[in-house]
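Each of the two complexes below includes subunit A, the first together with subunit B, the second together with subunit C.
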Partner chain A sequence: MRLLSRIRWLPVYLGAFMVFLYFPILLLPLFSFNTGVVAAFPLKGFTTRWYVQLFDNQVMLGAAWNSLMVGLAVSITSTVLAICAARAITRYKFPGQKPATGLIMAPLFLPEIIVAVSMLLVLLQIGIQLSLLTVILGQIVFCLPYSMSVLIAGFEGFDRSLEEASLDLGETAMGTFRRVTLPVVAPAILSSLLVSFTISLDEFLLAFFLSGTETTLPVYIWGQLRFAAKLPEVLALGSLMMTASVILLTVAEIVRRRAEKRVMARGGPNA
Partner chain B sequence: MPDVKPMIEIRNVSRHFGTFRALDQINLDVAAGEFFSLLGPSGCGKTTLLRMLAGLDTPTSGTISIDGADCTEVRANQRPTNMVFQSYAIFPHLNVAENVAYGLKRMRLGRVEEARRVDEALEMVRLPGFGARKGNELSGGQRQRVALARALVMRPKVLLLDEPLSALDKKLREEMQTELRTLQQSVGITFVLVTHDQYEALALSDRIAVMFGGQIAQVASPMEIYQRPTTRKVADFLGGMNFLRGRIAAEAGAALTVETERFGTATLTKPPGFTASGGRATVGIRPERLRVLWDGERAEHELTGRIANRAYFGETTSLSVAIDGLEAPLSIVETNTFGADELNIGAEVRLAFDPEALVLMADPDAR
Partner chain C sequence: MSGRVRRWAGSEAARGLALISPTLLYAMAMLLLPVIIIILFSFWKQTFLTVDHSFRLDNYRAALTQPIYRDLFLRSLWISLTVSVATVVMAYPVAWYISFHGGRNKNLWLFLITVPFLTSYLLRVMSWKLVLGYNGVLNSLLLWLGLIHSPIESLLYNADSVIITLVHSWVAFAILPIFVSLEKIDRSLVEAGQDLGDGLFRSLTKIVLPLSLPGVTSAFLIVMIPTVGDYVTPKLVGGTEGVMIASAIEVNFGRAMNWPLGAALSVTTMVLVASAAGLMVLALRLAVRGVRR
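For the complex of A and B:
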C-alpha cells in the first residue's frame, strides 16, 4: 500500500495518454513499410512496394488532387468571407450583430451528420448536381466558424488609429486595407487558411454525402478499407499525408511566428 | 492676431451622438502659423473637434474651412491636414523610413526625392539614421518623433496633435515640449494641439481655447487665460485659485467696484457673460500672487493669519493660511528663497497682496 501511494500518478496518466494518442499513429508508417499484407506483428520484412503501387494508382492520385483543390478553395473562400465578417463584427455596432455572429458560429455546435444530411436533401430538392463544388460549399459553411474565431481574435487586437493614420496620410479606404490592415492581421489570416485547409483535408461526412462521381481522399480511403489487400496502400497513403501535414504545420507556424514578431510592436496586435 | 484670413474657421459646429451633445455650436478661428491648443477635461469634446479638423469625424451641423476652402464634407485623405495620434499609430509592419514615407508613396515623387524628404523629416525630429529601425525597437519619445516626422513630411497646412505627450514620462515630456515649440516656429505650420494638461497648453501655445461640456469657455493667450479667467471653472482648471466672496458696490459700464471680504474695495473688469446675482460676485486671486512678509517688511495691502497646513515641494512650499473672517484658508505658493520651508503649522504670518491681481469671474453655480 505504501508503495502504491508513493507512485506519482500524473506522469503515469500522461504516459498512458501519449501511448493511446500517438502509438497507433506511429504504427501507420511502420506497417506501411512491412512486406506482409496484414497489419500485424511480427513484421515480415522491409519494402517500399506499397508506395510504388500507390503512385501508380490513378484513382488515388485523382482523389488526392481533388482534396488539394477542394482544400484550397475552401480555405481561401472561408478565410476571405471570415475576414469581412470578423472585421465588421469587431469594428462596427449594427442591429442583429449578436444573432448574426451566433448563426455564423452555429455549425461548430451542430452535429455534422445532421448538417450533411440536410444539405444533401436541400441540394437534391433544388436539383443541383452533386459534385466537388457542392463539397466545397458544404465545407465552407463548416470551416467558417473556425476561420472566424481565429480572425476575430486577430482583429480585436488591432489598433483602430492605424487605419485612421493611413487615411490621414492620404491613402484611400481600399489602399488602407491593402497596405495596413492586411499586413498587420497577416498572422491571423495565415492561421485561418491553415486551419480551414487541414479541416477540409480530412473532412469526411460532408465530402461523403455531397460528392458526386469524384471523391476526396478521406472518402477514397474509406472506400478502400473494404478490400483487405488494399490496406498496406492505405497505410502508405496515410503516412504520406501525416508527413505532409506535419511539414505544412511546421512551416506555417514558423512563418506565422515571424510575421507576428514583426507586428508585435506597441500599436500592433496585443498592444 | 494679424488681420488676414484665418487658416481654420469653425462656424456653428455641433456634433451630437444620439441625444448627447459632444460639441455644441462651436465658433473658432485659428490664424496661420499659430500654435493653438484645445484644453479641457476628458469628455469636453476637444478630441472630437480635432478629429473633425482631420476629417475623421463629421459635424452634425456647421461648417469647417481650412485655408479659405470649405472642407466640412472633404474626406480625411483629401485634406491639407495631418495628425499625430495619441497612440502614435506607428505601422508595426514597417520600419521607420517606410513609416515616414507612407504618405509620400501616393505622391509618386520618385525614389531619390522621396528618400531625400524622408531623411529631411527624420533630421527635423532629430532621428537621423533611424530609418532602418523597426517600430518595436524605439522608445516612447522616439516613436513620438517618428509620428511627428511622418505627419510633417507631408507638408500639411495644419498639423493636428492629439495629446502627443501624455504617454511620456515627466522629464521627457518637458524636453519634448520645448522641442515641439521650436519645431513649430521653424516650420511655421499651424499647429492645433489637444491636451488636458494645463501646463502643457500654457507652455506651448500662442492661444488656448478652454472647453467644458462641448462648449468653448474662453479663448485667450496663455497669460491672459491664466491671469484673467472669465469664469470660475476656467480659473479652477488652469491651476490653484483662492475664491473669495465679493459684494458689488458700484457699476460703471464694464468696470465694477467690488468689495471683497478682507481684501477691501477694488475696481475690477466685468468678464463677458458676467451676471451679478443679488449683488454678489466671485472674486479670485492666484496663490503665487500672495506673498509672505518677512520681519519688519511692510506692504500697502496686508493680511494676517496662521499657517493651517503646509506641503513641501523642493523648490517651493505650498502654505495654507487661515485668515479671520474668511471661510476657507488662503493657499499660497512661496519659493523657498527666504525660508518658507521653515515656517511651522500654527505660526503667525503676514501676507501682502496687490489688488490688481484680483479677478472677477462669472460663476453661474454660485449661491
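For the complex of A and C:
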C-alpha cells in the first residue's frame, strides 16, 4: 500500500525482531545434539545420546503418558462446554449474558498463580485428594476462554438461514445439525480441540499446584531443571515437544483451510 | 400460571440460559467460588494449625506494611508495567507490517510468530539462561569478539533478565490484538487523508493510532495482568534481586502454611494490578486524544 511504503527501516526491524524471537528457542535443539553436558559454546560434538537416554527414562515416559491423558480430557471437556456457551451467546439473547461471558473469559485477565492457589484452597478445604483429576478440573477453566474465542468466531460466521432452509425442506432437527450445522462449524471445533490440547500440554502452574504424586510433563521438566546434569535430556525432550506441536498445528491449519475452501465452494456463509 | 411458565421456558432467553448453564455453573464452581473463598480467607487468621474465623485486617496490614512484601509488590508492578509497555512498543511495528505490507502472506507471518510459542513455556524461559548465563552464548560471543576479557556476571539473576525473558514470552500475545484492530481499519480513510495532504506522521497519529486503540489496550491488559503474578520466570532467571510476589504467595500456601496471609497477598495483587491496568488504559486514551488534536 502506498501510504506505508515509505518506512524503510520496517523490514530491517522485522528481521531483528524475528532473530530476537527465534534465537533463544533454536538454542534448545542445537544443544540437545551437543556431546557436552554444559550448554555453552564452543560445541563439543554431535550426539543423539540424550534422545536415546530419554526413551529409556521410565519416569519421563510416565509423565508424558499422564500429560497425554490430561490433555485429551481437558481439550474434549473444555470444547464441549465452550460449544454450549458459544452457541448460547451467538444464537440467543438472554439476561445476564455479559456477566456470564465475563466470568467464563475471566481466567484470561487473572494472574494464573491466583487462580491456582484459590482452586488449591477450595479443593483442600472440601477434602478432595490432589490427583490428575484435579489438574484436569483446573485446566478446563483455564482453557475455556481460548476454546470460547475460537468457537464464538466460528459460530458468528454461521448463517442461520442455512439451518432454517434445511428445516423448511423437511430435514429433522438432528439431521439439520449433523448435515448443515456441523460441517460448517467443524473447523472451529477442531481448532478449539487442538488449541486447548496444546495449552494443557504446556500448562505448568495449575499442574504444579493441583497435582498429587503423579506429575505431568511440565512438572517433571520443572523438577529436572534443578539438576545441571539433566539439562541435555530436558533439551532433547523440549525439542521433541516443539516438533510435535509444530506438526500438529500445521496439520490443523491445513485442515482448517481445506474446510474453509470446501464451505466456500458450496456457497457457504463466506461466499 | 403454568401457561406463562411454559411460554417463558420456550422463549429465547430461557433457551440461551439453559444452553449456557453447564459452562456457567462450571465456571462458578471452579473460579467464582474459589475467588470468593480466597477473599474470605484473607480476613481470617492462621493460629498454628487451625484458622480463626473472626473478621480481621491483620493480613492486609502485614501485606501492605512489611517491607519485604511492599518491595515485592512494587517490583512486581514495576516489572509487569515495563514488560507491557515494551511488548506493545515492540509489537506495534510488527503488527503494522503484517497488516499493511503482509499482502498474501499475512497468515504465514502470523504462523511464524506463533511457532516459538509452541515450545514449552519452561524451556523458553530456560533458553534465556543459556543466552545470558556466565558461560552463556552472549558472554561467549563478546569474549570471542574481544569486547570483554572475562565473562560478565551481572547478565543473569536480576530484574532486567526477568524483564527481557518476560518480553520474549509475551510479545506474540501483544501482536495479535493489535493486528486484529489494524485489520479493521478502513483503508480508504487513510487514503482520503493522504489525498488531502496527510503525511505518514499525520496518518499515524490522526487515523491509525486512534482507531487501533482497542487493540493496543487489550494488548496491554493481556500482557500486564498475567505477568504481575508470573512464578516461573523470576524463579529461573531472577535470582534474589528478581524475586516477585508469586514466590511469596507460593511460600505462604506451601512451606509457611499461612493460608490467610497468602490469600491477602493474592487479593492485594489482584486489586493492585487491576487499578494499575485501569490507570494505564486511562492514560493511553488521554495520550491518544492528545496526539489527535
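Just so we're on the same page, the second predicted complex is superposed on the first by the 254 of 271 C-alpha atoms of A that agree within 3 Å, B and C clash if a C-alpha of one lies under 4 Å from a C-alpha of the other, contacts with A are read in each partner's own complex, and residues count from 1 in each chain.
Following the convention adopted for this analysis, a residue touches a chain if its C-beta (ideal position, glycine included) is under 8 Å from a C-beta of that chain, and two chains touch if they have at least 3 such contacts.
Treat the numbers as computed from the prediction; the structure is a model and nothing was measured.
Once both complexes are superposed via subunit A, do subunit B and subunit C end up clashing or fitting?
Fit.
Could you look at A:Ser161 and tell me whether it touches subunit B, subunit C, both or neither (first, second, both, neither)?
So A:Ser161 only meets subunit B here.
Contacts for A:Pro95 in the overlay, against subunit B (first) and subunit C (second): which applies, first, second, both or neither?
The answer is second: A:Pro95 touches subunit C but not subunit B.
Should A:Pro183 be classified as contacting the first partner (subunit B), the second (subunit C), both, or neither?
A:Pro183 sits against subunit B, while subunit C stays out of touch.
Between subunit B and subunit C, pick out the one touching the greater number of residues of subunit A.
C
In the overlaid three-chain picture, which partner chain does A:Ile7 touch, first (subunit B) or second (subunit C), both, or neither?
Touch partner of A:Ile7: subunit C, not subunit B.
Applying the document's definition of touch, where does A:Glu171 land relative to subunit B and subunit C: first, second, both, or neither?
first
Put subunit A at the vertex: what angle do the Cα centres of subunit B and subunit C make there, to the nearest 10 degrees?
In the superposed model, the angle at subunit A is 100 degrees.
Would you give the minimum C-alpha distance from subunit B to subunit C, in Å, for the three-chain superposition?
The answer is 11 Å, the least C-alpha separation in the overlay.
Touching subunit B in one complex and subunit C in the other: list those residues of subunit A.
none
Using the touch definition up top, name the residues of subunit C that touch subunit A in the complex.
12-17, 19-20, 22-24, 26-28, 30-35, 37-38, 41, 90, 93-94, 96-97, 100-101, 107, 111-116, 118-124, 126-128, 130-131, 133, 135-137, 140-141, 144, 168, 171-172, 187, 190-191, 194, 200, 203, 221-222, 225-226, 228-232, 236, 246, 249-250, 253, 259, 262-263, 266, 269-270, 273
Using the touch rule from the top, collect the residues of subunit A that touch subunit B in their complex.
Touch residues, subunit A against subunit B: 159, 161-162, 164-172, 175, 179-180, 183-184, 186, 262-268, 271.
Going by the contact rule set out above, which residues of subunit B touch subunit A in the complex?
On the subunit B side, the touching residues are 54-56, 75-78, 81-83, 85-93, 102-103, 106-107, 134-136, 143, 150-151, 154.
Which part of subunit A faces subunit C closely enough to touch in the complex?
1-7, 10-11, 13-14, 17-18, 20-25, 27-28, 31, 38-42, 81-82, 84-85, 87-89, 91-97, 100, 103-104, 106-115, 117-122, 125, 137-138, 140-141, 144, 198, 202, 204-205, 209, 217-218, 221-222, 225, 234-235, 238, 241-242, 245-246, 249, 253
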